[in-house]
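This report refers to the structure that appears directly beneath it.
Per-chain residue numbering starts at 1, and chain names A, B, C, D, E and F are given in the order in which the chains are listed.
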């Protein structure tokens, strides 16, 4: 049977697929971090399928051997981690889905857990930010994405979708825009003012091109400059990575980061006070070889490692 | 450029993919039948992806050579057929999607067209039935499906989904239950009374097992007995066919009809007054070789052929 | 969180994938049936990959809605079913793997559970039969398969593989050959005497061709004639079904049963005293659309239903 | 190293993929049957990819264990079979490709071999028939196909393509039309007279529908009535089988034979004097699980078995 | 219905797939740029399938949101763009296919359109260059490719194939070799003198290795040095990119450009007078996740953007 | 028929797939290099399927045109190369498989051939190193891998697996640890001391991160420093490359080398005395587009080129 230590014994192809082979439970006593799935994909503008994201990431997470050699930490030992399971989403009702997300995350935060959420499409960032804001106040946010997701509407007249959560979040004062930074933005947009809109809303936008010019160290310096010692929420859309490294996603955007670059960027956040994270837009039906889910599982493991390092610091 | 006659000239791999290489237009003058897509998949309970159904069926429809040897009719010659394009669905809002479907279909019916709708998930049968009911009164319905789709709710408390349209339709008096027949029902259900519920609502349910016992002729006789000379609406969920023949669908149910059987059943409807049809639940991301979309395109061609035969009769 | 009743609430794409959404536990108190995985694939002669079989079947089992309309029973209500997880196999050591299977199954049988085992390749039938024989004495066995699996050796000089378990079982007196029947055998063999060998060992071999001649009722009559009221063990190789219905398997053999035929055969066993079953040779890397795993999950559900019917009879 | 007997020793996943693990040689001394590939796909009207057909069939042929239990013959023992390799086709030049096919097949026939050709698209039947006609005179032909392939032109003004070989063959007097029979024809055609055209040219057309009405025995009786004791050439387009059983083909046509039906039909030819055969239109890029190539390999094995039976009779 | 402005309204999964949702028409009045498909794949030496290239690129082009943030231009607003549809190719006849391409492109150029052609294999560059040469005189050509395509023959004795167009073009004086540059050449060749041959014919060959040494700016400087203010034709073989970024191609060559590098190179051409372009060798059957077609659609969008920038400059 | 020179004539899609279209023979007279497959995958801890590695690499090797432009050598001309076929592995018995590998490789080395082995999983490095050690004494080894493969045990208590060969090899004194270097190590490990263990055993470990810091030249300098003029054995696990470039592998590890980087590293070994090499862990069932096998075939071609250069030097 799965238990938090069997990661080192049972081969990755065997057993029930919980994240990192951690216990599947909703008993929150002593829990440091809960992994939560939000299998919702009705707010995607192109490829659906992210509803299968949490399950695929769990399956591939069994490849995680436990000790992070880059950050030199064993997060499953430093932290009590559980796989909380999935929020009961309602595919036909985004508002009820948001409400369900908020209820569950509120409960987890109140119980003292940190939460790493596996999507699902990026619309779920909004209820996640609402819950974290209730606990932490306006949030410093590092937002990795190919797209700014700050449209006012997507699908005519719709305020909620996977293209709008960060505008809503700013309007609702969930984000401390002085500490809001977007990394990896690129590609075409419907209008010439989309990037400007994001900036006017307060985002520090580091486009992919600027990131390549600054280099990893430069981008990390810019993040640290914005975030400082604030509690940091990380919202991570897998499409920030190039489709070669993450083909299984909803709106693939060519010309993105490599896996090496993204790992360096994420690991470079070490020392910051990561209080929550989401990893969204993994779409398994478009991920024939599973490499997107494998990358996502590794990134979630890095998020855990950041939390473990900060705790032990 | 595409024109209705080029089906016989341009090879199927070439050109813009409209249904059967018919004109893509919204000019309804003289149109007998409009092919309409409804690329909506937010009401599915398992695999999403049916939003790509209309496009995949169009692509494979280019294999249709024009003359139906089984029914001995050339539907694109007998009928003026257009590819109307897709209804503008709103993935995050099922009610607005339903409204958009009703608006478009109402307009088409008022203009005198018959409509063959390519889904999309089966939730869209409800607005389709509403529109047809407004024109024709309570409808005779032949409903091919693995599932009765007569749940009261799917997802807790939700009245609209791909598991409920026929209960809603009966409650709204869209269907003349004396002339409502379900064919191909099988598989497990949440409760022991699901089949009974469908029957109590008025459906004549021919389960897959009963259909195999009756044989094709027996099933067709039963359909004719129920429908008689009434205008007939055909609602066709591709999962009525076995997953071997139609793997690309939302909720595959093993133990279904073969392609030979389903073609015989559909062709056996010749002579009935088919006034509208939908073909739903084709999910291309789960259809690696395209055989589901190819079957769906052929079935839509058979629907057209039935309309053409009735017109010429 | 998963619990045995949530099958009716949470959609199949959500949550941790245990079989039929039953509890993952190794607490055997009051358990009627344990679902056990044996993710072993080192004894296959062609396609490996069956190590991923248990996980894929679990995932697709979430489509099982709970009530079996054909057999009119709700097995998860009649029986206390658990997902026990997987045996810890050792890919490089078939003997240690067999020992591990025997240890676990012995413990389960001693605790009073019945076991449905998800493979894995067919070599695991041998330790499964050993364990069941220890509890029940020489076993009546209904063996569905494209291949007799009664070779003396496979790979030069090897006594244990997925082609030899039933010869070993007969030699070890695990099977009561008066009550041993093979159904669905077909295809080529290395020598002209392979079929004769199986018969000389005591098997009643119903080839696929004979099965088609006898018809479902004839085959079932023959099974009942052999098995009578004895406790019955069912060993089910998914390749008994045609590759169109089950492409994801280790040694696909063309010309097999359809899904309708196999469901009729399995359901036709109702009334027999099914005391254990295995379902083997599902190979997910060759099952792009998942239809093999879906069929396997449904068949395991039928096995459970047979057990539930017998209990309530 | 491959040798004709290692079929029984080396597992099917190992070694160089020659057909049935027979020697790859062009030394024709004592050879009864040569397996020849023609990897040409430039004459297909829809999906290309049949250029990979011969290689995929060879690979899957390694699953053939050697003894045909249905026909009770071990063809690799009765016959000296070689894998001759592939004809050097020229993708940009159908006439030069035809010439190359004729040169090679002529040489093989003159040397006294029978030839089983693996396609490639069906256009290659024309040069194959020419070569066989030169040796045997006007040929009795059993032609399994979903399409009559008797168009006068395909692509405007083109006489040679995969839709025209049998009209050309009849015009060139390659076929004895009294002994020409088409089996399995179905689907739509460009015009109402296509089926009539084929019949006027002299074909006995058994449509799929007629075949189902006649049953296997009836179809076989009809074939025997036409062919009698004449030397028989078998031209076999894999699309005669339903796409569920053979998805990997160029122009899939729904509603075809099952694998069981086609095996019965082919095996039912036993006793006829099969002097040559082709198996065409296997398109591996559309055959994700390889089941089309597996079926094709088995059918070629049945062709060999028919030749072996006739020799030993 | 599709119209040039709906790009901003209809989601990318909906509607008829024309390039960038531009009008499908052959009315050339006022048209600046026509997108034309040439679905020909009979001249490929390895993987066929590029006949499906134009359709796949069109489908993925619906992800293009309209405004190019890198080049700061909205090409569909600056330019009147149409989707002209596909040239009627003849798979069995490369010469007739070339003639058809020339007829159509001549007509488009005479009407004053610029043309962006979607292949198809690279053999079609020859008729494209012929047509453009007739209008513009000997052409400056920037040729992105893994292979020089300057063989004298491919397939014994054949002058026309996808490996020979640039030798033919130079022989026919279509190219001003002073302004001919190849970028990205790499991999093995049949002989030691292939690269030398290309250079002797007049090509400035920048191998992949040299390109990495020069850097993006160095390569661009070299292009500008060669091309100057001449009208520039761009011939772009997708295999210039590494197979990780473009797996769906005919002759994949490892060790190529990344998507970031190629976007920088293409955008770096801004200011040059791009009078025509082709994008060839996208093979959808080998592009399971569609990332090759997505990259190709984006590159075509960049070509359009270059044209729009030059017009507005 | 295949012969060593036809590489330049027959297109890559045609003919029997031997490596580089070299003769398949076990006649070793005059042979410089033998290509040998070891299709064994029972020692993998995650994805099986590497048993199909040798066949897939052979198939894709037909794309190798013969002349290596980077190293300026035509290895098939400089060297007499044969495709020896596959070792007869025994999937259920790792020790017998090792014995078979040793027998075959010993014989080849005694006959004076150099051997390039295509795996199979990495466990086979142990018998390969044993055989080479017998001929050459303790070996200098350049080991490209994402994982150190120096575990003491994998699967509880098992000394032989694909995670342990290099510890066994060091214990058995097969490797001259002064000349042992690992390149590309990265990712998580079960414990904090795994990397330290490898180093304590004597490995010079160049992690991926260190490699990126050193750059290609720095890594190559380090290799040369360790290896000097010793005979060099190269053990190459394809997972050293990032999953974007090599998705088809057993234990994908994100954040690896690009194809450009790995080609530069391998070509940079020119001048060293490469006396043997293996290329392992290519798993075709997870390589839908074949790009992993294409990369592997190219790398084996580079290994051959290194041998050819050294011979001619």
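Observations on the structure shown:
To be clear about the criterion, contacts are C-beta pairs under 8 Å (C-beta built on N, C-alpha and C of every residue); 3 or more make two chains touch, one makes a residue touch a chain.
Keep in mind that this is a model prediction, so the values were computed, not measured.
For the pair chain D and chain F, chains touching both partners: C, E. Taking each chain's centre as the mean of its CA atoms, F is the chain most distant from chain B.
At the interface between chain B and chain C, two copies of one sequence, fewer than half of the residue numbers in use are shared by both copies. Chain E has its Cα centroid 39 Å from the Cα centroid of chain D. With each centre defined as the average position of its C-alpha atoms, the distance from chain A to chain E rounds to 37 Å. If you average the CA atoms of chain C and of chain E, the two centres end up 55 Å from each other.
Residues of chain F found to touch two or more other chains are 9, 11, 13, 45, 47, 51, 88, 91, 155-156, 242, 244, 258, 286, 288. Taken as a contact graph, with one node per protein chain and an edge wherever two chains touch, the assembly fits none of the named shapes, being neither a line, a ring, a star nor a complete graph.
Interfaces, counted as pairs of touching chains, are A-B, A-C, A-E, A-F, B-C, B-D, B-E, C-D, C-F, D-E, D-F, E-F.
Across the complex, chain B is touched by residues 1-2, 9-11, 13-18, 24-26, 37, 39, 51-52, 54-55, 58-59, 83-86, 88-89, 91, 288 of chain E. Within the complex, the chain C residues that touch chain B are 7-9, 11-13, 63-70, 72, 74, 242, 244-245, 258-260, 263, 288-291, 294-295, 298, 301. Looking at the complex, you find that chain D touches chain E at residues 41-45, 47-49, 51, 88, 90-94, 123, 155-156, 158, 160-161, 285-286.
Here chain F touches chain A in the complex through residues 45-47, 155-156, 186-192, 194-195, 207-209, 212, 242-244, 247-248, 251-252, 254-256, 258, 286-288, going by the rule given at the top.
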